[in-house]
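Paired with subunit B in one complex and with subunit C in the other, subunit A is shared by the two complexes that follow.
This part shows the complex of A and B:
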């Protein structure tokens, strides 16, 4: 009986083995090559740099879990959209109270995701097309709102980017996001999201309100996107309309590195956070080598290779589990 | 109030705009009069206050370890600037016992990665950081962090707004203005113009556009018929201009191009089968080679951001600052330098390569003359000959 229970846990969380293993290896390598990372300021810097990516990846997670191949390509520009509106509209308009900033960021993120969910559900366009259109539209809109990087974050946020202490506000935002995930994880919505993602027809015939579930997943993703934007605004203490595209690519990579299935049903906060942390550690490690001109190419090559290897490893472990 | 007035400078005629208040509060007044003239047409976002490093003392004696946190490596310009650092400046200053090492990173235009790399450099004990062409505000907190650890940050080719950085860059608004004005005159003050800019949203690109558009506004018969983003990369610019020419049958009488993409633009026009029109060239040796073979192509061209010269500029400013020479002003800006077919003939052989990845650079130290540099520092000395005073 114990073995049966073990097997069930393995089947549920076995996909975490690869990201966790990679995380341990990368941490050991980083400790050897870049020991300064594990000092107070090193970790403080790591948190503020990694937080937007962690939260972007977290934002993708419920949306990809709900299936139909809905990888939200618009996540980066959406974060950028919240960032530029926070700086160009709210801060310049004098609305700088932390409550107003957080409410705006999470509300805007959720509203945009709601819109995407409604288009996917009722206009019946494939999610990838909807999010690709959003990506293009938002990239343009961001440049219209803020033609070039600039502006200032609210005063209370200005010191976030200095990253001198591990217990910075950014750390608390990330912790709050993880708590929110824990609430979601305990709720029935979580099970319904997984069921809908794994087999939408079966979920529907079992009485799951799949449309509401999809909307719920998008709303949750939108809230995380808003939090990502708050952390990003803190990191750069200003607005930037050009960085969104980068985050889409990185977050999707981190999502896959974290073991989530792009076809839905499988994924979670632990995997996504590990995926994002692994991305950070790889970049950190590569910076300790003298690649000079080719360091950009080396970084991309490394991410590509790690992605392929971890996908293969994931596929192998999944195979082993299903043949048992 | 804006005062537009004409002035003569070196080989070219430059129209300039002085913005009164910003000018008065800045440290520009401390510069030699001939250099003050160069600050009359400046992007208002560029900080011109007193430098935070006027009384700076380095955290330790030389040799110093230098970090270079670049943002991109995908074009010939970036390659040339890095080559100058690693193959010319580093060996020279190593031999003088002033620099021990150069650490290079590249962030692929990701601000967060650049922030991480710069923090890593500071934590690993570099004595100064050079950044290239960065986001104007995103890394300000990181620059402040570096400053708090005694590490000055120098921005080459593109400004940053942090008061704790020193910018050593070209004056892009002025560059855009003189090139726009030259093109307008070259095509007889009337016709359709296409603007091929860099990356919209990036400071250098936008500052240049502001200057170029300002110049074109002075010619009512000139129409700006389109803007495409060449991304300072030949291949990108070539595709973008090809697309534009294919979908816009209107006659294009001239093109203003942000350099590091002029050869791509040139090729796009050649492929389109249209008659060649005047194009603003920067310093790509490939495009200059076409000019050498077709001397009637244009009457002159400009050095906007000669890479090796820009590298020498920022290195010189950094060494002087580390040596405690006290930079006077936050932003040291260089004007676009005109050059002619004679300069091209001198720089390139008749059998030059139209696919070259080299750059035509200003002759000698024309970009940052040894006679000019001391005027920007409170306690100037020759940076290479300088030794610590015991």
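This part shows the complex of A and C:
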């Protein structure tokens, strides 16, 4: 019975093996190359730098899980949109109370995702097209609101980027996000999201309210996107309309690295967080080599290679498991 | 509980069209509590559409559906009204566990309606009863055999304790013993006062179990008969249009066999998997060989080997061509050597759901319809299409309509037409009659016989034994990944095949299978 239970765990969570293995290898390499990372301040800084990507990846996760190939390409520009509105509208207008900031960020993220979900459901456009349009529109809108990087975050946020202690506000935001995921994970919505993503027709004909489930997944993703924007604003202490595209690409890569299935039905917070951490570790490792001018290019090259290798490793382990 | 004899479901003047295909024309129907009511008809008669309308998946163009006093507009409302449907397609989520699949759609967004422990107990008991052995509810569904997936879909509906249960061709993937277990479960539900609607073309099954039957033809109700009138002859006569009435036995005129001919396919010391026993197989031009066995005995793997889809562990089959003997080791070789394959698993191995009827039939025939410059000749392709469509009397709207606008049986005919269109020398059919009505089956048998008499060879896998009688020259019965017995001539009868399927030498211990569960 115990072996059956083991096999069951493997079947359900086996997809985490590759990201976890990669994480361990990268951690060891990072510890060798830059021992600084594993001091108190090193970790504190790491959390602050990695938080926006972790939360962006988390935002993508429920949306991808619900199926129809709905990778939300607009996630980066959406985070940028919340960021520039926080700085250009709220802070400039004097609304700097933390409650107002968090409510605005999460509310705006959720509202935008709701809009996307409604278009996907009722205009019946393929999700990838909807999110591509949003990506383009938001990239433009962000530049309209704030033509170039600048402005200032609310005063209480200015110290976030310094990251002197591991128990910084950013850490708490990430923990709060993970708690929110835990609640979602325990809810029936999670089961419905997974089953809808695995086979939408089956879910529909079995009486799952697939439309509400899709809206729910998008709303949750929007809340995470809002939290990502808050952390991002804390990180740069200002507004920046140009970083959206970067975050979209990185978050999608992190999601795939974390073992989620882009066709839906499989994925989770653990995988996504591992994927994002792996991305961070790779960037961190590469920074210890002195590529100088081409370091940006080297990082992207490394991301691409690691993605291909980890997908290959995934395919191999999946094959081995199915032939057993 | 609903009082006996109360009307639980009623359709009034229901019509539905898909493009130019009129699936249902003003259908009236009703069923009572505590009865098993069959809805019978050929392929394309509108049975499945009717089932989908009753379960809220499709909305009628006209007319009313009333279920226990309500008028559901979608599957969720239909479930709430107390209706559960087992669809023709085996709808399961491969990435999820058996338990998740069984209880999908049962929870509201917040909170479970029933404790997990209760569910596990209830589900384990039911699955064990169905599968005949303990089932690991945590197992991932994707890796399970088709028959187990079918049980999951059936158990999912029965666990809801429905007041109305619709089974749409739901026993297609089950073997005989399993069908008996399903009938017991249906009986229990009926005795508890539920209405059970069985949508099927498998008449033999109904004669045992149905209390009443409504017969559909071309989207119209042609009659309703009570238990004493439910016989194969009656049902058949009502299902088939007058110009196609044929006797129930499917005797086909057979030409005298010429002298000994060398086999067209031969395999020696073939092993399906490492460690399984080896066997040999051969088929001559002009022969029809039936392949059968209980679930998972290797007959399915064997026809895949013959079609070049899968490789055996050892002993590749060889094909004789005018140019010499060549090894059939892959699909490309099968194509070159003139071996065509037709699968009964339309969803996975058959249709391209997003493509037109024309494309679906022509896909294998392009290379034979090229001009000298390598350009596709539309006109000869069109001719071929018309020929195959009329050969199998396929009911289609326009060739450019999507294949999914056709009923399951007509989709299957298109697939068989696809194989014929390639002008093969050998046709391998893997349970092609799954979801095909008797009229079509007869057309198919006659065409295959004609094909064989013209020098072709036919390998025909089926789990329905009756299909072979009067049709196959020989039946190879698989047990434990090898041919257990090869039956021909006088030995070729239902009892002998059944006995062989259960691994017995003579037909003396098999009477239990045919026992009547409805009584």
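Miscellaneous remarks
Everything that follows uses one rule, which is that the second predicted complex is superposed on the first by the 324 of 324 C-alpha atoms of A that agree within 3 Å, B and C clash if a C-alpha of one lies under 4 Å from a C-alpha of the other, contacts with A are read in each partner's own complex, and residues count from 1 in each chain.
Everything below uses one rule, namely that a contact is a pair of C-beta atoms (placed from the backbone, for glycine too) under 8 Å apart; a residue touches a chain by one contact, two chains touch by 3 or more.
Remember, it's a predicted structure, so these values are computed and weren't measured experimentally.
Placing subunit B and subunit C on a common subunit A by superposition gives a fit, with no clash between them. Of the two partner chains, subunit B is the only one that A:49 touches; subunit C does not reach it. Applying the stated contact rule after C-alpha superposition, one finds that A:149 touches subunit B and leaves subunit C untouched.
Of the two partner chains, subunit C is the only one that A:194 touches; subunit B does not reach it.
By the touch criterion stated above, A:299 is placed in contact with subunit B alone, subunit C being left untouched. Of the two partner chains placed around the shared chain by superposition, subunit B is the only one that A:284 touches, whereas subunit C remains out of contact. A simple residue count on subunit A separates subunit B from subunit C, and the partner touching more is B. Shared-chain residue A:216: touches subunit C; no touch with subunit B. Once the two complexes are overlaid on the shared chain, A:261 sits against subunit C while remaining clear of subunit B.
Contacts of A:240 after superposition on the shared chain: subunit B is touched, whereas subunit C is not. Applying the stated contact rule after C-alpha superposition, one finds that A:206 touches subunit C and leaves subunit B untouched.
Smallest inter-chain Cα distance, subunit B versus subunit C, after superposition on the shared chain: 36 Å. Those residues of subunit A that touch subunit C in the shared complex are 4-5, 8, 11-12, 187-189, 191-192, 194-195, 197-199, 201-209, 212, 216, 261, 265-266, 322. The touching residues of subunit B, when paired with subunit A in their complex, are 45, 72-74, 78-79, 82, 86, 103-113, 115-117, 119-120, 123-124, 135-142, 144-145, 148, 161, 199-203, 206. Across the complex, subunit A meets subunit B through its residues 34, 36-37, 39, 41-42, 45-46, 48-49, 52-53, 143, 147-152, 158-164, 232, 235-243, 246, 250, 280, 283-284, 287-288, 290-297, 299-300. Those residues of subunit C that touch subunit A in the shared complex are 55, 57, 75-76, 78-80, 85, 87, 91-97, 100-101, 104-112, 136, 138-140, 143, 156.
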